[in-house]
Amino acid sequence: MSAPLLSARDVTRRFGGRIACRDVSFDLWPGEVLGIVGESGSGKTTLLNCLAGRLLPDGGSVAYETKSAGTVDVHRLSEARRRLLARTEWGFVNQDAREGLRMGVSAGANIGERLMAVGARHYGEIRGQAADWMARVEIDADRLDDRPTSFSGGMRQRLQIARNLVSNPRLVFMDEPTGGLDVSVQARILDLLRGLVEGLHLSAVLVTHDLGVARLLTHRLMVMQGGTVVEQGLTDQVLDDPQHAYTQMLVASILPV
Amino acid sequence: MYVAVKGGETAIAHSLDLVADKRRGDRDVPEVSLEQIDQQLGLAVDRVMTEGSCYDRNLAALAIKQARGDLIEAIFLLRAYRTTLPRFGASEPLDTSRMVAQRRISSTFKDVPGGQVLGPTYDYTHRLLDFSLAASGERPVAPTAPASADIALPRVGDILQRDGLLEPPPPPADVDASDLTREPLVLPASRPLRLQNLARGDEGFLLALGYSTQRGYGNNHPFVGEIRYGHVPVSFVPEELGFAIEIGEIEVTECDMVNQFAGSHDVPPQFTRGYGLAFGHAERKAMAMALVDRALRADELGEAATSPAQDEEFVLAHSDNVEGSGFVQHLKLPHYVDFQSELVVVRMLRAEVEKRRAQTALSQAAE
Amino acid sequence: MPDTIPRPDINPTDSTSQDGAYNYAYLDEQTKRMIRRAILKAVAVPGYQVPFGGREMPLPYGWGTGGIQVTAAIIGREDTLKVIDQGADDTTNAVSIRRFFATVAQVATTTHTEEATIIQTRHRVPETPLTDGQILVFQVPIPEPLRMLEPRETETRTLHALSEYGVMQVSLYESIARHGRIAKTYNYPVMVNGRYIMSPSPIPKFDNPKLDRSAALQLYGAGREKRIYAVPPHTSVKSLDFDDHPFEIETWTECCALCGSTESFLDEMIVDDAGKRLFVCSDTDYCESRR
């Protein structure tokens, strides 16, 4: 009987007098992609940061089932263990790729870093694996030694994805991974993500304001408004048959293409 | 035939003679005395005492004389001397409400209890070079009302605080007695430690940082709540006695800045504080220090810390002009071994580029 | 806590400098004790940077105040002191520091490596192998090997504590990607005792192998940054590299123009207007002893 990979119970976080998210609970199972949708200001990024151990919630807890050390309370881990987890079993894809990359070193170094951090010491092999991943995220191989400063937004995002996936993580957090990109670039990256997530049996928590992205990538969906989850369920059900007035409004406001 | 050059010691000895000679200058010109420096260049003495972390006008004047007026060099001299002094304890915190003030102003209110005491300052002068100073001659002594500790000068801060408008100062129990002149700086720093660092920090550096906050790099809407300058008694509790005795008095300049109001879920909005203190009469230093102190409280007050003046590591690590001067000027020391290594690599890389070019040219020619 | 232990009266037999105003070796006994405690901690945890309450010294920061404070804390009347800068005994900095200790510690000085019990050095390790009982005191400008990769002290302290050295390996990878080799030639980072990455100070990488399992005690002092670290005798000091790009030292095709050595670090001298060059041993004592 397998346990959920990630469990949130009553996660609550305030900023001064303002509630950012309140009493959020869910279970995430291996191989599942959970989407969190809502407008900006709905609290979804704050929630994501709480789940990923980057923000300390004011209330509630987050539990993670590790590969070989049982279940841990994410916020009661020592900083050392949390940082190790973030580099090995987890990934975090930022909306702005610059925050998830070292802009001053080459693409190869960016991808190879997690390998080097856990002891890889053969330059040729590290470079080979980095080149492999460049291909898998569809960046031209001869850009391996170029720095991300010379990359387009879409390429940077691909690089950030590769940098995260090279360590074979089990759980990836994504914050608007295609936000700010051209529509056509978005589509290709979404395709890439879908392929990788399915091919690698990744679990993911994905924050987005774009219902189309949610439809394409997620199995289940949580709809947030003003810090609370107003509706959740299977993605297709929530989008095709929204129950809550806010969800209905969101769905209705998608421009028909 | 190359012969290794010797005689470094002799060259140094000559250099020392030269600098001593230069320091004295033209022997027909009267030698400047320490009293003259203390009296007529007193603001320089104030600065050297403050950044030298040592209140002794005579020693500071001597340092200035020895350094030919280079104040950072003088500060270095005074600090090096301070290293050799025995420490027999720490004084009680200065109680500036007991100050006999020569000058006390506030910008937050037009008039305050005790009045706006203008005192001696360049603030109201016109910056016109006074050529009459080129000749020496007697000046009339300015008439003064007797400065007295009895004339009450209640703090503007206390008045605002009474109404809950201004945050209270941190309680005394929190005061951290760790001493930056004896222990290394540990980051993140407590506010008392930051204030120590700023008090002995370079006036120019703090001035620039304070100025930057006013121009938008972390603006916190400052007002001068109060500046006061005058004599304060220094109290000390000797172990043998077990009670406080006054061991003397010093001149200080104190600045209370009143800044943008904060407030949280549980605490209603109030004005916040920035604090500056310097030896002698040093308003620019005390004000700059107060601006930077407030800027460095960004994290504590829930503000986004985005500008250099709000970056604790940046500010505290680079405020010390003796450290800065040393490291910047150490580049004059021989570095030829390190440079040699760099030369080797650059030459090697250039050779490789040439080789590649030659090979490319060859293979192109072959086609 | 305020220091309320009264400083002992300067014992006239201890105050040995000419003008009688300073304690032995300039620093007061409490300060020396504080520095020695830091040194002991440093020796107990090889390669770990121990913060210490550095004092202003009569020489400027950047001129070796860290090394001077370490030497002042350990030097005694029976010691023999050698001071070198860039390998030479007669460069201005070496002369200045040697004179300082001759005055305030009334100690014998030498230019001969084998005769010294304490060797204070800026940016070189002597060519002559050091022996049991010798102490090598390094002057260190930037003690933090990760500083240029991560400017924040709070972060580098965490990286050392957690052994998170990926960023250092990344910088070496990047060097190979850009230059085809690890292009770092001095201040080349090392792993000490298999645990801490350390900066060996700006010695040329040529000197790094001398640090590995040296019979001497290595003490490193950074005055401005206020850190002391150490490598006890016979400790492993490994220069970082990749399996397929192993660490290499510099070599010359020339030999020393004065003594003919092919094994020492050579300084390049430009001897005339036409740019003619000669190569001479950087270690002046080593060179003289061969002539």
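A, B and C label the chains in the order they appear, each numbered from 1.
Definition applied: a residue touches a chain if its C-beta (ideal position, glycine included) is under 8 Å from a C-beta of that chain, and two chains touch if they have at least 3 such contacts.
For clarity, every value in this text was computed on a predicted model and none was experimentally measured.
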item: Farthest chain (mean CA position) relative to chain C; value: A
item: Between A-C and B-C, the pair with more C-beta contacts; value: B-C
item: Euclidean distance of C-alpha centroids - chain A vs chain C, Å; value: 47
item: Euclidean distance of C-alpha centroids - chain B vs chain C, Å; value: 31
item: Chain C-touching residues of chain A, taken from the complex the two chains share; value: 79-80, 83-84, 87, 102, 105-106, 108-109, 112-114, 116-117, 121-124, 126-127, 144-145
item: Touching residues on chain B, where the partner in the complex is chain C; value: 2, 4, 6-9, 11-12, 76, 79-80, 82-84, 86-90, 177, 179, 181-188, 239, 313, 317, 322-323, 325-331, 333-338, 340-345, 349, 352
item: Complex contacts: residues of chain C adjacent to chain B; value: 1-4, 6-7, 21-23, 26-28, 31, 34, 51-58, 60-63, 65, 85-87, 90-96, 99, 122-124, 141, 151-154, 179-180, 183, 185-187, 202-206, 224, 226-227, 250, 257-258, 265-269, 271, 278, 280, 282, 284, 287
item: Chain C residues within the chain A interface of the complex; value: 158, 161-162, 164-167, 169-171, 173-174, 176-178, 242-245
